[in-house]
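Input: structures, listed below.
Each of the two complexes below includes subunit A, the first together with subunit B, the second together with subunit C.
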Partner chain A sequence: MTEPVAASIGTPPATTGGVLDRVEVGGTRGGPPTRRRRARPPQRNPLRAWLLLAPALLVLGGLLLLPLVRVTTMSFEDMSGLRALARGEGDFVGLDNYREVLGSRQLWLTVLPNTVVVAILCVVLTVVVGTLAALLLESLRPRTRALVTMAILTAWAVPAVTGTYIWIWIFNPGDGLVSEAAQALGLVDPGGENWFTNRYAFFAIVVINVVHHGYPFVALTVLAGLLTVPAELTEAAVLDGAGAWRRFWSVTVPLLRPVFAVVTILSTIWDFKVFTQVFLMPGGDGANREVLNLGTWSYVEAFGQIEYGIGSAIAVVLTITLLLITSVYLRTLFREGELT
Partner chain B sequence: MFSRRLSTRLATIALASATAFTLAGCGEDTTSGESGSNNSQSGAGKTLTVWIMEGTNPDATPFFEKVKTDFKAQTGADVDIQFVPWANAHDKFVNAVGGGETPDVAEVGTTWTPEFADAGILADLSDRVKDKDPLVDSLVTAGELDGKLYGMPWYAGVRSIVYRTDVFEELGIEPPTNWDELLAAGQKIKASKPDMIPFPVAGDSTFGLLPFVWGADGEVAEQDGDAWKSTLDSEQAREGIQFYTDMALKHGLSTPAATTWKETNLRDEFVKGTVAMMISGSWTPKSILQKAPQLDGKIGAFSIPGQDGGLSRSFVGGSHLAVFDNTDEKDLSWKFVELMTSESFAGDWASQSSFFPGIESLLEKAMAKDDPLVSPFAVQMKDAGETVPVTPAWGKVEAKKTIGAMLQAILSGSKSVEQATADAAAEMTDTLKG
Partner chain C sequence: MRPARVARAVAVVVLLTFTLFPAVWMLVTAFNPAANGGQLAPSGLTLENFRFVLDEGRFDTFLTNSLAVAVGTGGGSAAIALLAAVAVARFRFRFRTSVLVMLLVVQMVPLEALVIPLFIQARGLQLLNSLIGLVVVYVAFSLPFAVWMLRGFVAAVPMEIEEAAYVDGASWSRMFFTILLPLVAPGLVATSIFAFIVAWNEFIFAYTFMSDDAKYTAAVGLRYFFGLYTTNWGAVMAGSTLITIPVMVFFVLVQRRLTAGMVAGAVRG
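On to the complex of A and B.
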């Protein structure tokens, strides 16, 4: 793979005092191209460019765009019952579906709080734990690092279904690991406490599960970033008398801001639509109405009831919410022109 | 500049991993191939796609090999059997309807048949099944909509109570014949065997609760003209629900863990040897003994006693075989259903899967066998079998877990019986409107 032109040109950064304003350094506006041949404008033949893009566009269009358009149109239709589904179209009902979704008390009292609070907790904890793991990995020698990385990766490699069942076993009332420990310590009655029936305990377990499953991705991505932090920057900071804490916040974090943006946005998107980790928990499939989140609620209310119009409306609302959150993130995380 | 290089690389990493997730999320599609055959019979060269629920028969391969061979000999056509797990079968049917990719023939859960029939995706079998007498009544009822038959009864099961004969003998308890005796038996076990759960009340088991609703002369819902109205909040239903949940909450015969148990959890605990009595399906004793051979000779079954004697009604659930309306091969498909429900194949299937066949004569044969792990269930099925409201909207009630949510709310203490039954009845009446 060839290096992008933009990345291979420019002036080297100043080693003193240049850390914090590194943002302004570099870019295509700057120095002259170092390799002449590469600088020849490639867009002589637009047709060729489109031809090369065509396979990717077709796949994206087929897999992403088409369903997106269909979901949007369906959210304005009355697609209830198998009959409408078999016919493949419903009557146009305007905003009725949206009115029904947004007018639901359950949505505002249970579903949204569950979703949002859990998502925030999960994102924050995933990023913090992942970053700590990355810092640990960075400080290890290569062989040890490989070993620890593999250990961490197993948590990621385990499918969400399997992982969820493992956490259920651990917290299983009566004979789970945690239950037995709590009973041995005399914290709960011998019969055991059923944590799954308590909304807060239920979601505490969900958060542990989601963070455990999600942090390896953050750790590896942040580690990849950490390894590209030039040694001379850290050296300069050490010479300036900065301690580890200061170096982390003033050198590492600003440099890795794009990395954090990527992992935070991806985690937010994933954690907002957590489904498996809730649905498979005891009572999470709708039997315990207190613990419904957006994913399980839409499944139970829309797909279980064969109300595809409602389901589509929920999907559209979720997509727009996530787009908004993402754009707010991008705005706050980056001053203008930083993310290219 | 560092940030640029970094972000480019990281974006590539992120994009690659994101793509991997997206692609991993795509389901696989099944395609039915046409296989050539030079057989001169009518079905030669044709292939029927058939969906069968997974796990009913622990080892279904030899059975279907024989079916395929016989069907090929009879019609010249091939059969492509695809196994579908129960857990996502309903979704799979719905998706297939949406995508226009339904099979030719499928095993359909009896509570789903009216729903699918109402949607117009099942073929009307009334003309083909002229004589319904040999078929088990409750299964015929469940397969009918507006007087037309859409599901051909195949097999069924019923829930009764499975118990530990060794514990009962040791404590000198006789199988209970009414609710007071059931409670007394549980209390006696609780007093003498503190490590055992006398009668776990599984919160996520609708069909464990319903016998107590029906046993107290309550009903799940009643039809008034065209409209269905849930009667879970009636005095009788509440009395039964109160008794059932009191066994857990007031008398401590259950365990807090059971609040979120499904029937499968119940069985797993029984296999561990910690459970004395449980509501359980007629198909379970065999698998219990397979998993826990040490319980051989120590388990028995009794029909669910009525409140003051007699029997409490219990749900008869099973499967129909249905032909899909948009198949090009209706005659061939029906021939396949006929073969599967023929006495020899239906009998083989029933005995291999420990379910009861949907044919009356075969059911009577099963009852005549004096097997203590079979006859109490057969009696329950024949004398006190019940079905849930036969309406296309029942599937939605199941999907919404209305009854499970009600039961769990009571068991976890978040709602009283009055509150929970009132909420559930209102929700169910609303759902049954369609």
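On to the complex of A and C.
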């Protein structure tokens, strides 16, 4: 979806109650009574249906599918320089762009590790922090839980752009909070250390930023799942002498497997293509080529180097990776019967 | 029992600190009169930073642009999504399931990958540097989820009410405007707000499409401002606050409804 908050707010089943209480979260096997109501045949005027769909299909076709096709064809064209841009197309060069991208040291030594390792770290930490937060929320009394949930929502609402500037400010060399604390403790020389120029420190800050921005979705979704676990199951496990650790792994995790699958896959998709949180960091806009990931590399090649063909080829590589992950996501949804 | 309660209290404090600290730090810096307030305890309270970003920083222009784009996106997206949602929730036709699957798949397309072709398309159509061009793009981005969500709201309106209207002799369009539309109004509000937030927060496309600084949206304006006043953190955080607060208010107001709609959309036929 549409990047951070679009993603965050616009994401599937973060659930805190309300209408939700009427709908079963875990699955719909029980056959909700709402199904029955549709005894009469629904509307069967296909022409009207397509007329109603037409504006949406036009917009999606023109602004999502057509560009998707165009980025693929451009990845096979030599589109370097402003003349190609003015023409809007370039000469067909076959797989040249892909050869250049896949054969570059930049990809294998810098960009791919920056993308994959950072995504794995982000996903693991997001899911772990989110799950711990959900377990903590579940153990609270309803009123406290509502308050803490509200706080988590507030943090979730901070846009990626402003969130990134806040983290830059916190880690800013010299006068940032962390720098001052480190200097006071004598960990770094006075005058401070510039963490943004060091690749590892740079991405450590990115990971903190992404996890902070992404864990609320996991926490609220897992919490909604936890609240559907029947109390009898937990009680039975207690009677059998299972400790909290054992109960979590033997009762909660198997029951919530679909919920964990969904939050893991969605987080993977988002964290793979993280852009704003990298691009806005000092040096993240291409000035420091050590800290490029797939998304920013594609952008910098296209708009910085004026190599639209190369940029498109990188974008296609990113898209294919994500569509593969998406197909896993869809199969999970279908298996859980959440899609009709 | 005692140690467990203490441990839980500590955990809550740790979680809340991690969660709220950045936003609190933003506010503390923004309202701190010290020239470059790098201290935890502010030395007073001032609105000077806000005056500075709105005047010299031209955030008045940026915020107005963002508001125009976000309102346009909210309205356009909700209107188009409603029609599509009625089609998939109320009609049975061939390829209906394909349309639904397409709506899901399309949400997963990385928009970052579409910057290059859309930039070239928009350039060809003379839509670069135009707020309307941005609105059109954002409507497309928010549409799949908007349809998916509204579908739940439409499906929740009982079929019988519709049929009663037909029995009374109403045409389909009459039924649509007098029965369905008022009943899904809460869903429309939630959908518009969702699209509003998408547009308000978006960065890459606004940054790529807008070359004239009078047309910058607030997100792009913040980066521009940061480039000019890198060390003025009080002002940068004041600008960030101005961008964040509307989203925060909307988000907390509408979140429950959004997710409820989403879940309803996911489970109903």
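Convention: the second predicted complex is superposed on the first by the 256 of 340 C-alpha atoms of A that agree within 3 Å, B and C clash if a C-alpha of one lies under 4 Å from a C-alpha of the other, contacts with A are read in each partner's own complex, and residues count from 1 in each chain.
By our rule, a contact is a pair of C-beta atoms (placed from the backbone, for glycine too) under 8 Å apart; a residue touches a chain by one contact, two chains touch by 3 or more.
Since this is a predicted model, take the numbers as computed values, not measurements.
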| said: On the A-aligned overlay, A:258 touches which partner chain: subunit B = first, subunit C = second, or both, or neither? | reply: first
| request: Please indicate which partner A:283 is in contact with in the superposed arrangement: first for subunit B, second for subunit C, both, or neither. | output: first
| said: By the touch definition at the top of the document, which applies to A:228: first (subunit B), second (subunit C), both, or neither? | reply: first
| query | In the superposed arrangement, which partner chain does A:306 touch: subunit B (first), subunit C (second), both, or neither? | reply | first
| task | Examine A:193 and indicate which partner it touches, taking first as subunit B and second as subunit C; both and neither are also allowed. | result | first
| query | Is A:48 in contact with subunit B, with subunit C, with both, or with neither (first, second, both, neither)? | reply | second
| query | Is subunit A touched at more residues by subunit B or by subunit C? | reply | C
| Of the two partner chains, subunit B (first) and subunit C (second), which one does A:88 touch, if any: first, second, both, or neither? | both
| query | Can you list the residues of subunit A that meet both subunit B and subunit C? | reply | 4, 6, 10-11, 13, 23, 25, 63, 85, 88, 172, 303, 308, 338-340
| task | Could you please specify the touching residues of subunit B with respect to subunit A in the complex? | result | 1-11, 13-14, 17-18, 22, 26, 91, 94, 97-98, 100, 115-116, 118-121, 203-204, 255-257, 259-261, 396, 399-401, 404-405, 408-409, 411-412, 414, 431, 434
| task | Under the touch definition given earlier, write down the residues of subunit A that touch subunit B in their complex. | result | 4, 6-7, 10-11, 13, 22-23, 25-27, 63, 81-83, 85-86, 88, 172-174, 191-194, 196-198, 217, 221, 224-225, 228, 230, 255-259, 262-263, 266, 282-283, 285-290, 300-301, 303-306, 308, 338-340
| note | Listed in rising order, subunit A residues that touch subunit C in their complex are 1-6, 9-20, 23-25, 28, 32, 34-35, 37-38, 40-46, 48-50, 52-53, 55-57, 59-60, 62-68, 70-71, 74, 85, 88, 133, 136, 139-140, 144, 148, 150-163, 165-167, 169-170, 172, 175-177, 180, 212, 216, 220, 269, 273, 275-276, 279-280, 295, 298-299, 302-303, 308, 311-312, 315-316, 318-319, 322-323, 325-326, 329-330, 333, 338-340
| note | In the complex, the residues of subunit C that touch subunit A are 8, 11-12, 15-16, 18-20, 22-23, 25-26, 29, 36, 38, 40, 80-81, 83-84, 86-88, 90-94, 96, 99-102, 104-121, 123-124, 136-145, 147, 158-159, 163, 172, 194, 197-198, 200-204, 208, 219, 222-223, 226, 233, 236-237, 240-241, 243-244, 247-248, 250-252, 255-264, 266-269
